[in-house]
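Sharing a structure with you now.
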Amino acid sequence: MPLRQAAAPGLPRTMRALVKATAASGLELRQVPAPEIGPRDVLIKVRKAAICGTDVHIYEWDPWAAGRVQPGTVIGHEFMGEVAAVGDAVTSIAVGDRVSGEGHIGCGQCYACRTGQGHICDRVDIIGIDVNGCFADFVRLPDSNVWQLHDSISDTIGAIHDPLGNAMHTVMVDDVSGQSVLVVGAGPVGLMITTIARAAGAIDIVTLDVNPKRLALATGMGADAAFDPREPNIEQTLLARTRGGRGFDVMLEASGNPSGIAFGIKLLRSGGWAALLGIPSSDVSFNLANDVIFKGVTLHGVNGRRMYETWYQVESFLLHGRIDPSPVITHTLPMEEYARAFDLLRAGDAIKIVLDVNPAKPKCTEPPQSTQDLNGAR
Amino acid sequence: MPLRQAAAPGLPRTMRALVKATAASGLELRQVPAPEIGPRDVLIKVRKAAICGTDVHIYEWDPWAAGRVQPGTVIGHEFMGEVAAVGDAVTSIAVGDRVSGEGHIGCGQCYACRTGQGHICDRVDIIGIDVNGCFADFVRLPDSNVWQLHDSISDTIGAIHDPLGNAMHTVMVDDVSGQSVLVVGAGPVGLMITTIARAAGAIDIVTLDVNPKRLALATGMGADAAFDPREPNIEQTLLARTRGGRGFDVMLEASGNPSGIAFGIKLLRSGGWAALLGIPSSDVSFNLANDVIFKGVTLHGVNGRRMYETWYQVESFLLHGRIDPSPVITHTLPMEEYARAFDLLRAGDAIKIVLDVNPAKPKCTEPPQSTQDLNGAR
Amino acid sequence: MPLRQAAAPGLPRTMRALVKATAASGLELRQVPAPEIGPRDVLIKVRKAAICGTDVHIYEWDPWAAGRVQPGTVIGHEFMGEVAAVGDAVTSIAVGDRVSGEGHIGCGQCYACRTGQGHICDRVDIIGIDVNGCFADFVRLPDSNVWQLHDSISDTIGAIHDPLGNAMHTVMVDDVSGQSVLVVGAGPVGLMITTIARAAGAIDIVTLDVNPKRLALATGMGADAAFDPREPNIEQTLLARTRGGRGFDVMLEASGNPSGIAFGIKLLRSGGWAALLGIPSSDVSFNLANDVIFKGVTLHGVNGRRMYETWYQVESFLLHGRIDPSPVITHTLPMEEYARAFDLLRAGDAIKIVLDVNPAKPKCTEPPQSTQDLNGAR
Amino acid sequence: MPLRQAAAPGLPRTMRALVKATAASGLELRQVPAPEIGPRDVLIKVRKAAICGTDVHIYEWDPWAAGRVQPGTVIGHEFMGEVAAVGDAVTSIAVGDRVSGEGHIGCGQCYACRTGQGHICDRVDIIGIDVNGCFADFVRLPDSNVWQLHDSISDTIGAIHDPLGNAMHTVMVDDVSGQSVLVVGAGPVGLMITTIARAAGAIDIVTLDVNPKRLALATGMGADAAFDPREPNIEQTLLARTRGGRGFDVMLEASGNPSGIAFGIKLLRSGGWAALLGIPSSDVSFNLANDVIFKGVTLHGVNGRRMYETWYQVESFLLHGRIDPSPVITHTLPMEEYARAFDLLRAGDAIKIVLDVNPAKPKCTEPPQSTQDLNGAR
């Protein structure tokens, strides 16, 4: 809510943007006014952006999206780019900085925001959902939400800091060192959770999904084992891996599937803990007495990324080579091919797709072999 | 599971006991064999015992009781008494010691038992439910489960250490200092939670119940306010007390009522926590997305008492005069009047009833005015 | 470090201020330029301020002060007042707001600042020490450092939020509910620690000081006992109060006296914890093996106030009537009588002195009887 | 303190044992009476034992040893073996079980012992120091102190569970996931700390020691870098690796060297934490103000192993192949060659030496190639 709006000098007045044009399925790539910035704002020229499952919900205009998103909104919240302009009161960021950004814009004044919990501010605006997002040439953020990218982190990985942070927050919400961990769901975030849990010291990581390609990726990214939960006797198979057959120390939920959530909680040992990140689309029914109360289990709801502890953790694990999330990126496409990208995701033929919006010149930070790695379906 | 059984020398071979005689409603006071003890066991002559809501369920033979309790079992798990005999390998307890005891008998060998979490041992036997209990002249416990009572703690308070420990565990499962606390349910444990939360540093304690007498007791025992949740606009009334109207920092659940649980969780602020002690008799359905995940809330299932951290905490708060749970004891009756006691509880005309089994001589630890306090309905 | 300086319109260009005029003992009340503000700054007209022990060190120009404070600096960091002007980019604070403020100005960009730990930013500027302070008609703070005072908190209590926050941070750095607590030192902060520890749920609070008046105040403010550490057999006396004679669960250090620190740590039980707030003026020598390592003790260094968790805690305890720190305020004097104030403090004849800088009109928030309470030596 | 002593039937009445024979340097291998057992005791036939630095202090009869150890004591506390006899009241352990054991024998009745902190019981007896130890054919332990070894853990690794547990406890005393860690000291425990910190999720592990062979081992066991602290500009070199040059998140102290401790604490970042395991032989002097208080640092004293959380952690990391501590074992020698073993250790020519006391037959659990690995100096 900037005090006054000002067109950044020397910048175009309009831009390309993927817009939720009407209250119906689909998106539209069109010219819209470029964002104006207030004194504390930063304008970022987007290089790369990535598509989240939430974007697919908005594309499909499901009941949640219809209830929250205003038609006309520019969507997208995972991105990296280069600072194009800064407001008059900005001192911490300069034009030309290579950045990603936290898309949860807290009110800045409530208890949550003033105690390092801006991710659960009750008045949060999320870019690409509540305010204009990053599937566009430019995106605006308050300076406090901007994250400087280290030179040794590639543009592509910079573009997926948002979901990497979701995964990091989920793993780090309680202690995983030396714990057996059940990961429910091997979509992009479940896979990132798997690889982070391994790097963070978990001692037996088992990932569940119904998709065999995802299970193979999970194993490649650090899971000690990966199973389809529909296998016969899966409960016994899973419990047999655990100490005394009593259950997993930790369950990290990334599916949002009500039965997956209940199954994961059931497989926790007495005294274990779970982090719930996946969003169920309906109420979830539990055997709260047997599965939570008698067992003395702890459940943590997880939302967004801790500001900015989680961002530092993502940077640390990347810079020290402890994680490599790049296998989750199955495709890189120009923004213009957004329709194909959404089709691939809706068909289950892609895991994470990065959109080239205004990609850097080839000589830049992305070395050729890694570009190769990140292109084409795997 | 003692190695070998031995009748304690000089002790009677039979005793009076309240037995779940048949698979139907009711209890029977009859003569049964006195417990034999193994080398690590302690035999306690029961002075006073107290009736728990669980005992009422067993009396009424509800589906839970019918599924778990074997007919023929001596019931009761809240008590204090005097040590009558000890096994050959017992060194920490002596005949004549004044004691209460932890009724959750862990296996002693599993991960939970060996890491101070015997209360959630998967093979726990609970006295009065899985093995013979304390509504009898004598009760047997392993020496590790026996708790020495300090001289300055009365027999009556000694007899309710088990539910006091439930309440203490619930309050102490996470940090309440400086937190606003919503207590759901003002039965005996909810009232104890209320008074402990006050002593433990909570800054605004609001207790909910549908019974006006219990609400009055809650206010007398430390609640800053007490409400009937059926009041019109109760949600607004409650939220209006909280910082920015955003909800309570903490919710402590002692009702077991599914709608009470869901209401309490809904009233938590983003980032708050809840301890769930009350046992719902059916599955509970949540808006897990809105009330737990998006809010980043933490839920702790609570069962029994931490062994033996909770017992030390109960002793500390009592010895330093920080809590007085005696107002919850509305009646003291001889064990022979058990039928009247259960009638009072089933009619909602009593909160906590203490049974005199083999009460100490009048000159003893209980001063007259406190005896007076504890008799008669309030 | 504001981008550009601007005299606030309609405000005086000079003001009265207590300045460390030369590199020698003493202070000077003189006219200095009023602060200019940048776009994110707030200018506060100071109503009341309070003198800290640190101010006495600066007055006396001890080696620490000589090594850190630049002559010419306006001193003072404890205060409350009214907002007189705000910078162009300020939206959260308005002219006329009644406020106190956090005097630790973090860089805002480092790991500590971006993870809610601005109080330990390595580049922190403290008002009244590193930059101009609040013993003046006006003080400047970044908007993020300004704290809105609730209407029901008096100006006088508002002026001591900084030391109340030190005390709160010390008590809240780990869990005190149900713990026995030894408070070392009964100066203003030790007394505030005593009263907060009581309200926060400690079960036996013992405060040590060599000054009998302070010991009497400690008892009045919540200590269960208060002792002069020079008493014969003090160690035995103190240990005799603790469980099994094994030592205190918690030690809160507010003296900064090296022998007091070592004595307090020695009196901790095995597994206990200490918070160290008092600043020793020289190195401290420990029997680290016996008193920390073999006992498995935890020591927490404490500095400043958590931003802004601690401020919310201070507000909560005050608003809910759980603490009343007013007994520590032994004198209220006009700023012009600063010399007398410093004399009283240096002579040990005062505990906390509040300076009236630009006090509110009598009809205002401070009721007469409380003004009376706060005047005159006690 | 068993109730009554009884010679285990069918077992020899005397045995070989390494005894601290006189109050002077040296040890003696002699025949002594075999231990008698009480009803809760277990008698273990020792297969393999390992020499700790503490044993070297006792050998050398330094002031600490002279002040604590009674001449006549059988020394040694690191071992594994086979259960030879159990007391009448023992149900959890059977003759023939392959076991290691916790050498800290708590009183079992104090607050520490009853809350899972028996390692810091104030009345602890340590085998090989306060009571007879394991450098002998047989050693006696209470049943609660006996640890069943999993089949897939070799005898050699079973013999070093005690120091592995010290290392595990040190790493696990607070959170290391995603943290940069400075390990001070690369003796056997410092090396184990290094490898556990890596497995537990630390993201940059730097180990310090003055011995180049140990530094090479550290690098091989998981350190990202290893340095001699006497290198020029070592402080700058180390800080340059850390975020913003501000210092390490965590410091794990395994040297006991007073200057090493102080150096390690100085290199912590503001808000960091340290675990202090190494035992300084004299008082340690700190700049407590600058290095602990102003920085808001937390120091944890660490002693022994958590009972029995730490033992489960050791088992988990070993069973899941996350750590391999075998490189620290530079020599395996028959117990008869104890003099050579102590000479090697005193000369700094060995790191960890395992003594064959009554080794298993060759066909057993130890595969040939691993025996080979563990012989000969490396």
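A, B, C and D label the chains in the order they appear, each numbered from 1.
As a working rule, a residue touches a chain if its C-beta (ideal position, glycine included) is under 8 Å from a C-beta of that chain, and two chains touch if they have at least 3 such contacts.
Keep in mind that this is a model prediction, so the values were computed, not measured.
Between subunit A and subunit D, the least number of touch steps comes to 1.
Counted by C-beta pairs in contact, the busier of A-C and C-D is C-D. Of the pairs listed in B-D, B-C or A-B, the one whose interface repeats that of A-D, with over half of its contact pairs matching by residue number, is B-C. Mean C-alpha position of subunit C lies 44 Å from that of subunit D. Each chain gets one centre point, the mean of its Cα atoms, and the points for subunit A and subunit C are 42 Å apart.
In subunit D, the positions touching at least two other chains are 111, 243, 312. Considering their complex, residues 1, 3, 38-40, 87-89, 91-92, 108-109, 111, 114-116, 306-309, 311-312 of subunit D touch subunit B. Those residues of subunit B lying in contact with subunit A across their complex are 110-112, 117, 119-122, 243-244, 246, 261, 269-271, 276-277, 279-281, 283-289, 292-303. Against subunit D, the residues of subunit A that register as touching in their complex are 171-172, 175-178, 180, 199-201, 203-204, 224, 243, 312-313, 316-317, 320, 322.
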